[in-house]
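Got a structure for you, questions after.
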Amino acid sequence: MIVPISAYLILAAILFSIGIAAFLIKRNVISVFMSIELMLNAVNLTFVAFAHRWHAVSGQIFVFFVMVVAAAEAAVGLAIIIAIFRTRQTLNVDQINLMKN
Amino acid sequence: MNPNTLALLPEIILTVAGVLIMVAEPCIAPGKSRRGLGWLAIVSAAASAVASVYQLNVTRATLAPIHAFSGTIQVDAFSVFFHLLIAGIVVVSLLGSLDFFDRPDGHAGEYFALVLFGAVGMMFMTSATELLMVFVGLEISSISSYILCGFRKGIATGSESSLKYFLLGSFSTAFFLYGIALAFGATGSTSIAAIAMALSVGTNTPHLAFLALGMIVIGLGFKVSAAPFHVWTPDVYQGAPAPVVGLMSTGPKAAAFAVLIRITFIGFPTIEHRWAALLWILAALSMTIGNLGALMQKNVKRMLAYSSIAHAGYLLAAFTALPSRGISAACFYTATYAAMNVGAFAVVTQLAGYDEHHRTVEDFTGAALRRPWLGALLSFFLLSLIGIPFTGGFFGKFYVFTAVVGGGHTWLAIVGLLNSGLACVYYLRLLAALYTRHPHEKGNDRAVFTKLSLPAALGLAGSALATLALGIIPGRTLDLTNAAAADLLAPNTAPYTSANCPAIQSSNTPDCQPE
Amino acid sequence: MPNLSDFQVCFLITVLKIVVVLVITLTAVAYTVLLERKVIGRMQNRWGPSRVGPFGLLQPLADGIKLFLKEDLTPMLVQKPLFLVAPIIALGCALTSIAVVPFGTLTTFKGVDLFEIANVNIGLLVILGITSIGVYGIALSGWSSNNKYALLGSLRATSQVISYELALGLSLVGVVLRAGSLNLRTIVDSQSAHGALSWNILGGFQIVAFFIYLMAAYAETNRSPFDLPEAESELVAGYHTEYSSMKFAMFFMAEYANMITVACVATLLFFGGASSPFGHLFPDFGGPWVHAGLSIFWFVAKIFAFLFLYIWVRSTLPRFRYDQLMGFGWKFLMPVAILNILATSLVLAFKG
Amino acid sequence: MNIDTSILTLIIAVPLAGAAVLALLPDRGNIQKFGALIVTLFTLLCTLHLPAHFNGAAPAGSFQFVIDHDWITAPSIRYHLGVDAMSMWLVVLTAFLAPLGVLASWKIPSINERAKTFYVLFLLQQVAMLGLFLALDLFLYYAFFELSLVPMTILIATFGRTKNRRPAAIKYFVYNFIPSAILLVGILWLYVKTGTFQFPALAGLAAAHNISPNGSALGLASLAFLIAFCVKVPVFPLHGWLKDAIVEAPTAAVMVLAGKTGLYSILRFSFGIFPEQSHHIAPLMLALGAIGIVYGALIATTRNDLKELAAYSTLSHLSFITLGIFGFTIAGLDGGIYQILNHGISGSALFLLLGFLYERYGTYDMRDLGGLAQKLPWMVTLYVITTLSVIGLPGLNSFVGEFLVLSGSMQAAFAHHVFWTVLATTGVILSAAYMLIMIQRVFYGHLGVTSSGQPSIDLNAREHTALWPLVAVMVLMGVSSPYWLHTIDTNGVAMSLQRTAAPAEAPATRIESESYPKPVFVDPALGAAALHQQPEPALKGARY
Amino acid sequence: MQTYPYLWQYLPLVLQIVVAIALAGGMVGASFFVGKHKNSRTKAGTYECGMDPVGDSRGRFSVRFYMVAMLFILFDVEAVFMLPWAVIFRKLPGLGYSKYFGFNEMLVYLAFVGVGLFYVWKKGILNWANDKGDL
């Protein structure tokens, strides 16, 4: 039951790309936000895979930090999204466009 | 002093003050003035500057940088330079906006605390030599900025700006992180010095290293709003409160550039030819897109946003120069840019008011004739942004492009200076508007402009003097930037051993299989 | 079985363990319901179920068959996929977390631990993690039901569960500090030296932690006095208002399975798990199988006591008000848990 | 402290300090006016020290009253000021015009409303101009070069006459700023190649062909310099900003707007640092000069607006100077330099008079004026004198300059120089034509719409004070031109010879060293000795 | 005693998850097939005490619930850091750190957590009873 490290990396790359694509395509703010989380988790997977490759624990510690920061970001992000929902009554990024001259 | 404490002394001061302010804020009855908290913030920022100077003296005395936290933090002239710069930015911004949020629904205390926390993150970024720490610092500063952008309650553009900044900021963070992960994969370490060491002994995956750096550059490119990663900038700057824009268009940018300098020049010197070309293109693109974009703008803040893109381009140009000159030039330009941009936004803060009734160039018509001093200051900052001699902006540009031409990139210098010529058009449009008599002068215009308070005047005077001094007597600053460059390029004395850097041990026999 | 590979042996034994444990758990769930009804009945001076079978012992079976055969109703306006998934998540999580609980002393057969399905070194984290996922079941059920009662119930339940999860997590830190491990077996072993005297709740001075855990556990399982999500008087039946038949039963089963898990964890962390309360007071007797049997007896006894406490509390205490509930969790349990951590670590540091 | 070593600093510092003081003084009553007048007069006094103590016998290429201090070490920038004959006279001229400019602005209502803004900017403009003429460090020079744009732009934007003022200001700035950015690239390139910003050092290096082995890069660098300067002059196809700026700018600003700085820069830096390249491009510049003369003159004849007419006349007359200096003959260079001074005097007088007219009648349109000679005898007298000076009547200043310029370009050693000179000479005739027609239309004939409706008051004491010094200088420079030409001549001779100097030691690596004659002279100042070895047509030229 | 590869210890856990979910899914499926289906409009309607539902049930609800979600994320993540610390706490002196090193570090960390809690408390976000808090 040995999975080569490249498999993890490729999976991570695919996840990251899906995240980018979703970020660019999705119109709902929450979905956009979730695609960012997906990207972060792809990064985490990369870290873990590389940590295994180098037998270095630092990669796993990094994952810890990333998760924490992602959580902090999520909290702030939710607050911002709530604030904008309360003023604009929409979560569609196309309708959040007060500033396009 | 314990080296760990010493290395983080400015950050600790700011953190403690920030926490105190944050805790004090809800304890003060709503509606009461928060000025005291503001002054506390200002004093603490000044104290952190003093602490940075102390750090500098220590490194000078021991002839070695301060290493702390197992080599993840390194304080040398380079970090101290940016510490001082950031502290200065914070002091001036806070002075300029001491009363800005002081209103019944303002929660000014939170504003002060967030600014300080942001400064902590920025300072942390500049002294971190471990990508993990850089990332943490980056996030601390970014998250503060996200919140600050939407700090004006009930102003729809504010929360919109906050949201956009947040989404694109996190997006870029993901790129940055992916870059770190790939760098870790290529070298087995996330310490910048160890990465350099691993790359210098050769790696079996040179393309991975370049890909990693590319991702990091993309991530930081978003933060410094370099084209083509600039799309968020105009919207965010337009919606955010003016004093916040002044802060976040300079502070985080300076810190991100510090990080970029460290990563490119120190971490990846072995593939310099590749990233230099990359940054050449980024620089040229940023200048051109920034200036062309600014030409189309009517809104002053939007215009300044595009101008900040262009200035990021000038700064990026310095990266194509030879390391010692390039670093020094980039540091110096960061300082001048900070001085003049903070000043410009401080004036805009004063002229535009809380709700920004005055936002387009036409709204500013004749402002200098009604408020001569503010107008003169704004024109001074604008002239500095154009790059008129005897201002910091000119000397910064001059210094950067000297380095660029010295690095053999004359064409980039030509592109850059032509761009600065182009840039004068839109700056001048505002400048000329300031000094044009209004076609039908309205007597009631005067009432709309708020009175300039003493702290705001102090802040404005500070940034104006800084801009002037950087243009006329840049010697001291140049000494510091040269020292910064020298310290940064000095052979690394950090406690890195090959044990910390698995790539060196196993570069010949990569062990990719799990046991 | 000489011609089976290591992996196949391991796999077979594991499957066997899982089947046994699940059967026992589900039966236990059923009879916990009966126990509750009986005990509450007695406490309220009535008989409780007594018609089906002797002492009503077949009552759970009858209930089960009834629910199973009821019409499976899916209201029109629900979001169907989520509506279906929600009870599966709830029950699945409830049944999964039992996997890391060691219910007897370490007894191995061909290198496989017999009395614990999965002996992982982060057992405590697994339990915490899977319990957290269980929240999705509640949240999704309320959201997908398209019913105001259900939505409010699930919102209440969700915020209550996640709020108390903090206090719960923090209360465990003291125990982990003492044991220096997240492996549940190690934690149990660390308190089995002198019987009840070395239990965390007594010898470990974790009584504060235990009480925090107890409160949080009640709230986590949405049990009285924290059963606001299903407060009949306000919300009909809370988040499972729209559910019927087996799906409704699954939420019910999940709740009781969670009760059992929580009781297991309390036993493991604070009451020495499967170890005897008398420690080495008595000399060892019997072989390994006797040992094993005794340990399981102690374990079940402790759990039973705990479950009884649950039921006792339910019949004794009135329901909290919602603001009191949240305030209690955030403003009392959290700070106390933090102080407990500091105190424990200070003492441990002082003792070296 | 020796006054000779600090006089140049003083010249810059006085108006700067004056500007600062005025900025702090209240904008009330006549404070600002008198303050500005005092400051400008004091500056003039300081500058008069220069000709009084100037050593006329000093060799060409040497600078006097030099002050040279460290400023910034890392890019080695020095505070390096100094004058030679050419720049000395330009400094004096600038300082001389300033008080007249203040007097000219005395009664203009829009200026008096915001006197502080006006006079502070005016004094800053003085600083920039004086600094530009004095700086010998390229960085410092460039700094003043760009700084000179700013006050003028704001002056135009604020005190412009018509609604068009803001676009005109921006146009003025952009036109001058973009080429100056290119100039900066050139300067940076020079610095990177040579490691110095000091003009004397650079001039020496250029004479010794020691700047760069790359011929095309040198050519581009020289072009970067020349284009920036040509816009500043302006030379014919680059004159787009001139009309708008002159039409909008108030009189005092117009007096310093065109000519001096650009031409000085060409003479000093283009010729000084890139003699070879300047010679290469000279035929083109001759052509542009000649075309500019005729083009300006022709357009001027069609204008009804006095300011527009004056603007195109300015273009025409500045083109004369371009023509003269790019002939690279001693006569042409001397005449060109002299003509810069002349144009400063006569042009300013013309603009002053136009301004006074405008103060009276509120219009620059000739169709609205007419028949004023009867009512304004003093004004018409001075007007005619000035016009004659501009046209180049013998006995007045411009005659000397124009004559030298034309004779110089006639002797130039470039292709088609005769044709261009002849074309330029027609410009003299055209110039006389439109100027005299202007006099006729404004002062003679029937009373115009406006001039008949307004009470006519002849020149008052202030206006006399502003004009008579100019008239006096016109006459003085016309009759005693040798006094000036004597000093200027060292510059002219030096510039005409720069090309002949050759590298002292050609390093083996230098590729182009083979294409130059054997090294003979190191010091361009000694280049005069080369006269005897070169059949230089310029030497036969008339030396007045 | 037999030892197995490290990752095998998670195998039973995975199996348990699969079985538990299969069981739960099976129950849902089985009851669907076993139970009779005799639907009607009234039966399939939303239960709202016999009334037709008024308004959208997925409308806005108190922002306090969001607040709790955010606070949970933050504090939970903070709590996560304590578990590794707790595991290693008693081994720290053996690794060459001073006796109180671990305690001091956690004291600083918990001070921040405490400040956060205090701030949230003071801001009135934990106050569910009255709307005094600024939300």
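Going in written order, the chains are labelled A, B, C, D and E, and every chain counts its residues from 1.
Note that in this section a contact is a pair of C-beta atoms (placed from the backbone, for glycine too) under 8 Å apart; a residue touches a chain by one contact, two chains touch by 3 or more.
These are the chains along with the protein names UniProt gives them: A = NADH-quinone oxidoreductase subunit K; B = NADH-quinone oxidoreductase subunit N; C = NADH-quinone oxidoreductase subunit H; D = Proton-translocating NADH-quinone oxidoreductase, chain M; E = NADH-quinone oxidoreductase subunit A.
What you see is a predicted model; the values in this text were computed from it and never measured.
A.B. asks: Along the graph of touching chains, what's the shortest path length in steps from chain C to chain E?
C.D. replies: The fewest touching-chain steps linking chain C to chain E number 1.
A.B. asks: So if I look at the partners of chain B and the partners of chain D, which chains show up in both lists?
C.D. replies: Chains touching both chain B and chain D: none.
A.B. asks: Please give the pair of chains with the highest number of C-beta contact pairs.
C.D. replies: That would be the chain pair C-E.
A.B. asks: Mind having a look at which chain is the central one, using mean CA positions?
C.D. replies: B
A.B. asks: Using mean CA coordinates as chain centres, what's the chain B-chain E distance in Å?
C.D. replies: The answer is 38 Å.
A.B. asks: Quick one: report the Å distance separating chain D from chain E, using the average Cα coordinate of each chain.
C.D. replies: Each chain's C-alpha centroid was found; their separation is 80 Å.
A.B. asks: Quick one: report the Å distance separating chain B from chain C, using the average Cα coordinate of each chain.
C.D. replies: For chain B versus chain C, the centre distance works out to 52 Å.
A.B. asks: Compute the distance, rounded to whole Å, between the mean C-alpha positions of chain C and chain D.
C.D. replies: Spacing between the chain centres: roughly 94 Å.
A.B. asks: Show the residues in chain A shared as contacts by 2 or more other chains, in ascending order.
C.D. replies: 72, 79
A.B. asks: Mark out which residues of chain E touch at least two other chains, giving numbers and ranges.
C.D. replies: 69, 71, 76
A.B. asks: Strictly by the criterion at the top, what is the full list of touching chain pairs?
C.D. replies: A-B, A-E, B-D, B-E, C-E
A.B. asks: Hey, which residues of chain B end up touching chain E in the complex?
C.D. replies: Per the stated touch rule, the residues are 19, 22-23, 26-27, 30, 107.
A.B. asks: Which of the residues in chain E end up touching chain A in this complex?
C.D. replies: Residue positions touching the partner: 7, 63, 66, 69-71, 73-74, 76-77, 80-81.
A.B. asks: Show which residues of chain E lie in contact with chain C when the two form their complex.
C.D. replies: 1-4, 8-13, 15-17, 19-21, 23-25, 27-28, 30-32, 34-39, 43-49, 53, 57-58, 61, 64-65, 68-69, 71-72, 75-76, 79, 82-83, 86-91, 93, 99-100, 102-103, 106-107, 110, 113-114, 117, 121, 126-129
A.B. asks: List the residues on chain A that touch chain E in their complex, please.
C.D. replies: Counting only chain A, the residues touching chain E are 1, 64, 67-68, 71-72, 74-75, 78-79, 82, 86.
A.B. asks: Sort out for me which residues of chain A touch chain B in the complex.
C.D. replies: It is residues 2-6, 9, 16, 19, 23, 29, 32-33, 36, 39-40, 42-43, 46-47, 49-56, 58-59, 61-62, 65-66, 69, 72-73, 76-77, 79-81, 83-84, 87-88, 96-101 of chain A that touch chain B.
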